[in-house]
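Same chain, two partners: subunit A is paired with subunit B first, then with subunit C.
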Partner chain A sequence: MSTSKKNIRIKIDHVTRLEGHGSIRINVEQGKVEKLNLEIVEANRFFENLVKGVPPHDVPQTVSRICGICCVGHQLAAIKAVENALNLTISPQTRLLRVLLNESQFLQSHALHLYFLAIPDYVGVKSILPLASSQPELIKKALKLKKLANDFTAVLGGRTLHPMMPTLVGWRKLPDKNKLHELLERLQESVTDLEQMVDFVAQLKWPDYERQTEYVSLKHADEYALYEGEIYSSDTGKSVPESRYREVTNEFTVAHSTAKWSRWHRESYMVGALARVNNNYEQLYPQAKDVANALDLKVPCYNPYKNNLAQMVEIIHCTHHCIDAMQQLLEKDLQMEDIHYQSSKGIGSSAIEVPRGILFHEYGFDEQGLCNHADAVIPTSQNINNIEQDMKQFVPQMLPDMEKDELASHMEMLLRAYDPCISCSVHMLDVTFV
Partner chain B sequence: MKPKVAFFDFASCEGCQLALLNCEDVFLDLLEQIELVEFREAISEKSSRYDIAFIEGSIHREEDSKRLIDIRSRSQYLVALGACACNGNVQARSNFIAPAENYKLIYGESDRNRVQVDEEYWPLWAHTRVRAVDEIVKVDFHLRGCPMSAEEFMTLVKALLSNQIPHFPENAVCVECKRNANECVFDKGMSCLGPIAYGGCDAVCVNNGHVCDACRGLLPYANIEAHNELMLSKGISKEAIKSRYRLFCSAEKIGKETLNNEH
Partner chain C sequence: MSETLITLAGIGNRSVGDDGIALYLLETIQDQLPDEIDVQLWEDQDALSIAAELMEIQTPVVIVDCADMGLNSGEYRWFEASECYLAQQVNSLSTHGFGFADALALAQTLGFMQSVFFFAIQPEQLNFNEHISATLQNRQMSMNHSLLQHLQQLMHQLMSQTVGGKINV
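On to the complex of A and B.
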């Protein structure tokens, strides 16, 4: 068949190794892409409605349930937004604990995605399981890192999933100091293991595909922005404050997705590890920059598959940053702080970087101090539009050289490279490739 | 032959599957005992019959309900995994709002009308109400909690692998909390659902400075009216008590007499 007259129909329902449900549907007639949809078929959960009538301190616990993988991010985003709504301030100790808690989730989530969900694609196997016998040392190290990150979250938060220790203004119970010391040692030890993991990632081959898009992330004057900052666009080189997040997200609805879509200065934008590394490369730890060099990740990078490499770079950055932050935390004894707060009428929003990108929450409270307004814009719902745009360029470009199966697997890999979290984005999500 | 085990997720945060992936120490050992045939979050393989099917998530749409019935018909044992599957979890709160109103509040009226036009995608949007798994099919075992307890999961799997019926004691969170010698939440001036909630979690929330919100559901024999009286006597308003139940127990009967109107 002449390459220009190809007919290809691809339907991949409920893409695997993905958090949530998504499907890809591609229809090529006579070499022309007639239809290409990234369908988000997750059932609705209506989280913004669920928190109405809830008192301020119960909001973070409730919205934590938006997503298991991103529970810490949702809690912290909600805590920050509620505090902004009620004009509550926090101590440096609480900020430091939150920074550490947030980055513990980066280590956990990036390790899970990179080693267990994404890498099987690049060594040509269907899951991590075959790797357990062919690369036992690597898998042992990856499991060790993931366990370290999980224990890290549990020590700071009370448990790995839906932690209950952090709350408005402070901590319900403080982390155990001995356990923090033990974590610090394990973090320091993990540095050598990470070097070997980087070596493994360095020899993988990435699809040769580029599409420049708008990269959106937080930006902070003094640090690689994760816990807080202003919303920065690579298209304008300028930032807007978190309270104006709606100007960034411009959410809209399409029929084939129960997740809402976003766009800012062009038809779509990208958030996540690659966007952050592109925008804030200079503020990375030197060790993380070295790894970026070793992985041949040069910024700005326009290859979305290389989001996986950016995750590796961030694992290194967060490890070194957590070691420093933990040492700082342990210089003094932790103080139990008064977590009583005064509820009041008000509205407040927040932005925080979570593993998959920038996350926005907003809450309002009435005179009785009960929640009467809620909004959450999730990284994946911001990325979905960009993923579909990538696919729309990728398919015609690769059509002459790729047969159906190869094309389909590249679409799945592309979707996975963004590390989408579909549960989050529909608070609710399901992907099918048709 | 190793038993075929499958995991399916419906509307949920998928945290219970993650809780299992987080059992780094035992996960690989477990895989030697079972054949994992579906676990979409972590593997890309499929099968047609299951010895044990784990269902995560609550059921919100007709197409999800059909998929669940199909899974049940191909499974020897079906287990409701976690609070969403067992009692609808926090998303059951949306049952107090009509589905159409929910859509309107989230997507806006014009968008809702516009997307509804495309018939091909209509099932995607056909939200009915939030249902627990046992409202639709027979459930053999419930693994409660948000998230589920990995220990209980292992107890269940070990029992089934050795042809035994797993047993989970029906005691209140309060029992486990006392055993851990925690200061009573009521004595700290807060309220708690621990005395009437399913235990099995080792009172993990109270151990860590929080209160019990009964994510595991209310015990079938619990004296809810008496517990409401207790909370009222501590000066907690009826509205606050109701709001409390509604966090994780929207689907439960919460003592109409003491709270004195419909829930």
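On to the complex of A and C.
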């Protein structure tokens, strides 16, 4: 009996191997999709209220706790937004340290997601343990990369989780130069391991489903935009400044999600590794372009499963960029900078690329210099709408050829391919400070 | 410089109440330990990072951590990994549900062969606060004493098994 004529009910509570909790509901009647919902069931977390009354330098440390994976991203986004609110400027040294810190998190997050959460899908196993049994050398390399990235964050930021060293206009304590040299050596040594990790990814088979959507990422004239840039749309080929991020996100609510959804020029848009590679391919390091070729990742790519390939490409890009940036940093003696600042009334926003896509933060401060306004729009809340739109297009295409279990598995894989951080995506946007 | 005979690792999070006890314990006894014991604090580490740390250890390892053992709050036990069943979360694996048992299983799958001993403490509360419960605080001296004794015994055991300058465990 053709699957397309069957009634299928898929209810996955909760999808595993991602951050936080999300469920998938699909109801197919006589081969027609009657209902398809990606349900986000995490409780609201109210972080934007937690910073009410907090002085500027404490805001980044507080909001870092939104996420244990993207803590660096939230911290840097908050630092940049607060500096914009107070009209504070930074030195080239501080910018370089922040760029490196941000990319250390790309390395650890992409290594974690790609090798430990996503790839088990593509070799047909349920978790990392059977994969570790069949591919021990590969997983040892992935674990080594994760540890290298953790140590990288710790050397720059003081600790792996919720770093204490970066703050407004500078660094509370500069990284140890000898440890930076050691890190540089380890990064250089990791290149050989990465080549073998790429070879493994290159022989995996990826589901062949495409849906063209709007790809949104930062864009910078001089570099592959991760730390800063304007907000670029593949639909218009134009950018808007970070201060106009609400024109991009247009957040709205749906009944089946505690996370807000976003849309810009069409029904949904995608952020993250694939959006960045699609929009900024030419600015990737040559070694990363070579890997994109080896993985047969051609831009523009409309296959969302290949977000995982884009993550591999970014691991290569960040590794080579960090090697160059670290060498640049070590050419000069690091100088301790004055981190005192003058608080004032103001409002400022920021945008930064974190592993899962663009992250927006905005803060306002009153006459006493205390926070009276906060907003954070995280990548997963921007992606959820797009994931559900993908599912709505792919399920009818998959129905004729797939039984229920295979279909359910492909929906889980699709959700995982986006590397969602569902805990972070749940928050209350509307904040009223009294 | 002494050769490391034992790696003593404390796992915990000081922001989750009694979960920080291992870190406080090791900080307290650190100065009383011989050079042959390498003390590591795995503070706020996710399980994959712990697996990565385990992979680098070349000695028997003692893990100090909170554990739900069905004991009264503040009670503690010393035991070997082979004496217990460590519940894994392999089928619902996310980084939110990935615990030490999974980290150890992953490391062992990848070739980690060292003996693992536990000094585990039954917590009273694991809420979001930065305080060790009074029950555990009151027993900390006794915990310190017990842990030091067990470490001393393990050291003697390992040294007696040393053949030609190498540890034969």
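Here, the second predicted complex is superposed on the first by the 422 of 434 C-alpha atoms of A that agree within 3 Å, B and C clash if a C-alpha of one lies under 4 Å from a C-alpha of the other, contacts with A are read in each partner's own complex, and residues count from 1 in each chain.
Here is the rule we go by: contacts are C-beta pairs under 8 Å (C-beta built on N, C-alpha and C of every residue); 3 or more make two chains touch, one makes a residue touch a chain.
Quick caveat: nothing in here was measured; it's all calculated off a predicted structure.
After overlaying the two complexes on the shared chain, residue contacts for A:R186 are found with neither subunit B nor subunit C. Using the contact criterion defined above for the overlaid structures, shared-chain residue A:K173 touches subunit B, although it does not reach subunit C. In the superposition on chain A, contact of A:S133 is made with subunit C only, not with subunit B.
Once the two complexes are laid over each other on the shared chain, residue contacts for A:G68 go to subunit B and to subunit C alike. Within the superposed three-chain model, A:K392 lies out of touch with both subunit B and subunit C [touch as defined at top]. Of the two partner chains placed by the overlay, only subunit B lies in contact with A:F46; subunit C stays clear of it. Contacts of A:T160 after superposition on the shared chain: both subunit B and subunit C are touched.
Across the superposed pair, subunit B and subunit C both touch subunit A at residues 16-20, 68-69, 112, 116-117, 126-129, 132, 143-144, 146-147, 150, 159-162, 423.
Across the complex, subunit C is touched by residues 16-20, 68-69, 112, 116-117, 126-129, 132-133, 136, 139-140, 143-144, 146-147, 150, 159-162, 423 of subunit A. Those residues of subunit B that touch subunit A in the complex are listed here as 9-19, 21-22, 24-25, 28, 31, 36, 40-45, 60-61, 64, 89-91, 93-94, 97, 102-103, 105-108, 111-112, 114-115, 117-118, 120-121, 124-125, 127, 146-147, 204-205, 207-210, 213, 240, 243, 246-247. Contact residues of subunit A toward subunit B in the complex are 14, 16-21, 39, 41-50, 53-55, 58, 61-62, 65-69, 71, 112, 116-117, 126-129, 132, 143-144, 146-147, 150, 158-162, 164-165, 167, 171-173, 252-256, 258, 260, 370, 423, 428. Taken together, the subunit C residues at the contact with subunit A in this complex read 43-46, 48-49, 51-53, 55-56, 88, 90-96, 102, 105-106, 109-111.
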